[in-house]
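Notes to accompany the following structure.
Labels for the chains are A, B, C and D, by order of writing; each one numbers its residues from 1.
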C-alpha cells in the first residue's frame, strides 16, 4: 500500500485525484495540502466527503516538503502554475516521486516557459531532471513526472498516428478545441459566472494558449517535419469534457484507409485510447467520468481533408486520471487500477 | 462470484446498474435482455462500452425466464411499468432472486395499482409474495424485492424520523420535489426535448404522480396517524438529481433540537444517509454519482415550520444504487460493495 | 419624449432597462451612471451595443444628482442595496421622479430594514416620502417609487386573490420559490461559478431572505389576518426566471371553484397577469423575456390543499419590466409601451 | 399595413416570425397554417400567446393557396423541406410574394437538390423563378424569395470579404460550425433528448450537411476560384445560436491589415453586420435574440492563418429575422423595422 500526498486538494484536479484514488486498492491518501484553508478539516471544507472514514482525520496542512517526504511515498502537485516550480527542488534533490499536474515543467525550454506562462523561470536548472510523460505513449525514467495539459493530451492523441507515420501535409493542420468550464479552474471570473457562460460559446486566448508550445514540442519529437500548429480553444457550457476537431490534408499518396489503419495499429495495445470504426464519431458522453480517449475519423474526398474528432474528460484523462495512469506505471501497478470506470451520463 | 442478469439494459437504470456493478468485486454480469435491440452486441449499441473485455461477448437477448434462471443467480428488472408484472410469476414460483426497479410491485393493493398506474393488475396474486424494501431501513425476507421509486426514496428518507418518532402535525406536510430529466426516462417527448427542458422549470402530474401512494403507504406503516400527503414534482434542467424540500409544522411540545437529534439518531448507523449540522444544507452536487442521501434541516420560529432538504442521485440511490444495496443485503455482501463512491462534479 | 437616466447601467437590471426602453417610443435614454467603469463609452464596455446610434455617445458618468436632474425627466436606480438610500434625498427634496429597483425603500419600517438588510437606516426620514408600488395593483402617488423585489412580485401576485378575498387558512401557507442565476446578480461568488451552479440546485438563505418582510408587509396591507409566511428560495441552473410553488389550505367553506373564480376576477382587467384554466400550469418558457405573470392552479381534495404555480421573468416583471410599467403609469403612457413582447424560447 | 400569412406556425421558425413581426409596425399576421393542429386556436396551442388581442381570433388552417392569396399580401413558408416545393407553383404563377425559409429553393440545380435533400426535384421548373437572397448583400428581383439556411448565413457572412476581395488560398478553408439545439428543429429524436444533448457536444452529418452546396454555390458566385469547402457542424448544449470558427491561409502578398480593412469596408454600410476591432471576438451573447451578425478576426503569423469568428442567432438572422429583413427590402420598409432589438441575456 503506497502512501500518497496531494498538494492543492481544494481545486478541481485535487478533488478529482481524491475521487479516483478512493477506488484504487493499492494506495492511500495520507496527507493533503492547500493554501487558503490550512487548518480546516477536509470534511468540513467539503461536507460531501463526510461519512468516508478514510478522510475523517485529514486536515489541510501548509506546505512542507520535509513533512511530505516523511509521510508519503509520492506526491501530486494539483496546483496553479508557479507553485510546483517554487517547491520542486527538495523533491528532485531527494529523488522523491512527484507527479506534477501543473504546467510548470511541461516546457523544457526556460525561455518558452517565460514567454507562454508570463513568469520567470527560476526553476530552469531543474527542468532537465523531469520527464514530460504522455501516459499512453511513454514511461517515466526520472522521479519527477510532468503530467500533460488537458488540451495537449486530447490534441496529441488526436494527431500522434499522423505524425508518427508521416501521413499528412504539416502546414495544413487546424485544431479547433472546445472545453467545459472546469477546464478554466475554480478561480472566479466574469467568464466563468454562470449567467455569462450558460447559453454561450466563446473563443479565448486566440493563438496565445499556453498548451500550444507543449503540443508543438511533442509533435516535433514525433516528427521533425512538424510545423507550427493552428490551435484554438472555445468554452462550451458543460462542466466536463474536451472535444477536439482536427483537420489536416493527407500527404501525397496517402489514402484514408491507410490513415484509419495507422490509428488502429497505433492504439491497438493502448487500453485507454479507443478508435471508432469509419463513420462513427464519439461525443463527450462517450468518455465523461473516465480515463478514455475516444477517436473517430472521417475523410472528405472533395477537399482531401481528414477530420479527426477526439474527446476526453478534462479532469480525468486531462488531469487526475492520466496522473494516476502515470503513477500506476511508475509503481508497476496494473495500468487500470483506480481507472476502470464506465462512462457516466 | 454471483452471476447477474439485467432486463432492460438500454434504459437509464439498466445502464446505471452496469456502471455500478462494473466496480463490484463479488458479481459479474452474465446476460442482458431488452426488447427493441434484441440480437445487437451490447458494445455496438453503446460504443462507449467497447474496450471493456467484460462486455465484449454480451448480446442483447429476448426475454426468457428459463434462460435467465439457468444462467444467473439474480436478475434485475430495469423496465417500464407493466413488464415485470407480466414476467414475474416464473421467478416467484422458482423462488429465484429478483430485484425489480419498476413500479409494478410497489403497491401491494391491486386496486391502488390499477388506479395510479392505469393498468390491469393481472399480477394481483403475486403481490403478497414480494417485499417493498427501502434499503436503509429494511432487509429482504422474500426473494422478490420491489425497489422503491426515486421520488419515494428521497421523500421517505426525508420524513422517516418525523413519522417514526411522531414529531409533527400530520396534516401540515408539504413536499415540493424537483427532479432532473433522467428521472423522466429515455422515452422521447416534447417535455424532454432539449429546447423545451433547457432554461425551463415545469410542474407536472400535480396530485397525480404514481409515487404518492407508494410514499403514503410506507408512512402509514411507520405511523398510523399519517394522513394523505401533499406532494408535487417539478422538472429542472439537470441530467441527474432529486431535490426535495419538505415542510411540516412540529407537533405541540416538540422543539427543533429534538427533531435534529431524532434525525441524527435514526441515521447514526446508516452509512448511506448523512444528516448535516444545523445551518448546513446539501445541494445536488453533494451526492451526484453516489448512493448517498444527504439531509439538512432548518426551523422557522415564526411559522413553527420545519424545512427538510433532501438530495439523492435519482439514478443511483433512486434506482440502480439502492437496487445494488438491496442485493448486497440479500447476498450478505458488504453493504458498500460497488457503491463506495465519491461524488463527482 | 421623456428623457431617462439610469444609475447602475452595467448590472443585469440596468442593461435590461436599456434593452426594454430601446423599444419604447415615448422615452429616450440620455445619460447613464456607474461606479467601476466611469469614463468608459457604453459601447466599449458592451460591444454588443455597438451599431445602435442611440448609444454611440453615451459615456458612463459618476453619480451627480444635479446633473441627472438637469438632463433627465426621470431616473432609475438599478443599484445594489445601500446606494439609493445614500443618494435619494436630493431627488425627494426636488420632487424629481425616481423609480428605485433596489431594496432600499421597500421596507417602510427602518428597524425592519436594518434587520433584514444589515445596514443602518440613515434614510429613515425619507421612507414615508416614497411609495412601494406593485404595478399590477397600485398607482404611484408620490414621485419616488420603490419597485418590488423579484421574489416578492411573483409571490404577491400568486397570493393576492387569496388574501384579498379571504379564502385560506393563513397559518398554512408554504411558498417554495426557485430562481435562475441572474437573480443573484453579477457579483462573482462560488455559488454563481458555472461549475457549481450548473447541474445543481441549492436552497439558500433559509428563513432569512430579505424579501420575506416585503411580502409579509404587503399581505398584511391586503388582509389584517395575514400571518408570518414560510418562504424559501432555491437556485436553479437557468439564466432567467422565477418559478413559485405556493401551497395553502382553503378556509372552511371555501371550494376550489370559488378560488379559481377569484383569480379570474382579480386579474380580469390586468393585462400582464394571466390566469390559466383549471388543469393547465405555466412553465418558465411561458413568460421568459416578457412582463407577464402567469398563474396556474390545482386542488387536492384529499389534503384540502391548493397549489398555485406562478412564473415570471425575474429581470423583466421582477425588475426592469415592472419598473417600466410603473413609469408608464406615472407618465400616463399606455401601460404596454415598451413591454408588448412575445415570450422568447 | 401589409397582411401576412405564415405556413408552419408551430415550428421554431414559425413562432419566431410571430415573435418578431409582433413588434413590426407595418404588418399584421392575418392567417396561420399548419398540419398536425389544423382547427386549433393558436392561443390554445400556445397558452403563452393568450392575452395578445392580435392572436385571439387566429385558428390554424389547412393549407390553401387560394385562401392565402385572398387574405394576405405575402406568405412565409416556415416548413420542413419538401412542403414549399409541393405548394409553390400557385404562388409563382400568380406572382404572389413568398419568402421561403425552407431549403427547397436554395439549390438552383435540381440534381444538387436531389443529392443533398434526398427528395425528387418535382419543382425543377420553378427553380429559375425564385431568388436566393442573402439579405445583407442582395435585393429580391422576383417575388419568390428563398431565404438562406442558418449555417449558410453565418458562414457566408464570415467568408464574403475574403472571396469578394480575393484574399485567401482557396484550398485552405476550414469551417468549424457549432449550433444550438433549436437549429435541429422541433422533431423528437435521441439526439435532441435533454439527457443526451445536455453536458454533451457531438459532431453530426460530417461532410454531408445540406448547407454545404448552398454555401459553395454562393462562394462561386462571388469568386470563380472558389473550391470545395471543408465544413463541419457540432451540436452544443444551448437553445439558440450559431458559432462559426473559420480558418484560412492568406493569399501570397496579402497581410492581416488588408483583411481587416476589407471586412470593415464590406460591412461599413451593412447595419446588421458588425465587425469587431482587432483583438476582440464576439460570443453568442453578443447577438442572441437579434438579427445581428458579429464578426471578429485574428491572425497567426507563425501559421499564416486567419481565424474568423462569426456568431448569429440561428432563429433570427439564421431564419425568421433574415426573412423579415428580406420582406422589409421587398416592401421598401425601413430595413430595421421589427428587428431593432438589443441582445438579451
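Here is the rule we use: contacts are C-beta pairs under 8 Å (C-beta built on N, C-alpha and C of every residue); 3 or more make two chains touch, one makes a residue touch a chain.
All figures in this text were calculated on a predicted structure; none of them were measured in a lab.
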Averaging each chain's C-alpha atoms to get its centre, pick out the one most distant from chain A.
-> C
Return the chain pair with more inter-chain C-beta contacts, choosing between A-C and B-C.
-> B-C
Centroid spacing, where centroids are CA-atom means, of chain C and chain D in whole angstrom = 36
Interchain centroid distance [CA atoms averaged], chain A/chain C, Å = 46
Return the distance between the CA-based centres of chain B and chain C, expressed in whole Å.
-> 39
Mind pulling the residue numbers of chain A that touch at least two other chains?
-> 12, 182, 195-196, 199, 237-240, 285, 345
Across the complex, what residues on chain A touch chain C?
-> 12, 181-182, 186, 188-190, 192-199, 237-239
Chain D residues touching chain A in their complex are 171-172, 174, 176, 178, 195-196, 198-203, 206-207, 227-230, 232, 234, 236-241, 243, 245, 247, 281, 283-285, 288, 298-300, 302-303, 305, 307, 309, 311, 345
Going by the contact rule at the top, pick out the chain D residues touching chain C in the complex.
-> 12, 15-16, 18-19, 22-23, 47-52, 182, 199, 239-240, 271, 274, 276, 280, 282, 285-287, 289, 292, 294, 315, 340-345
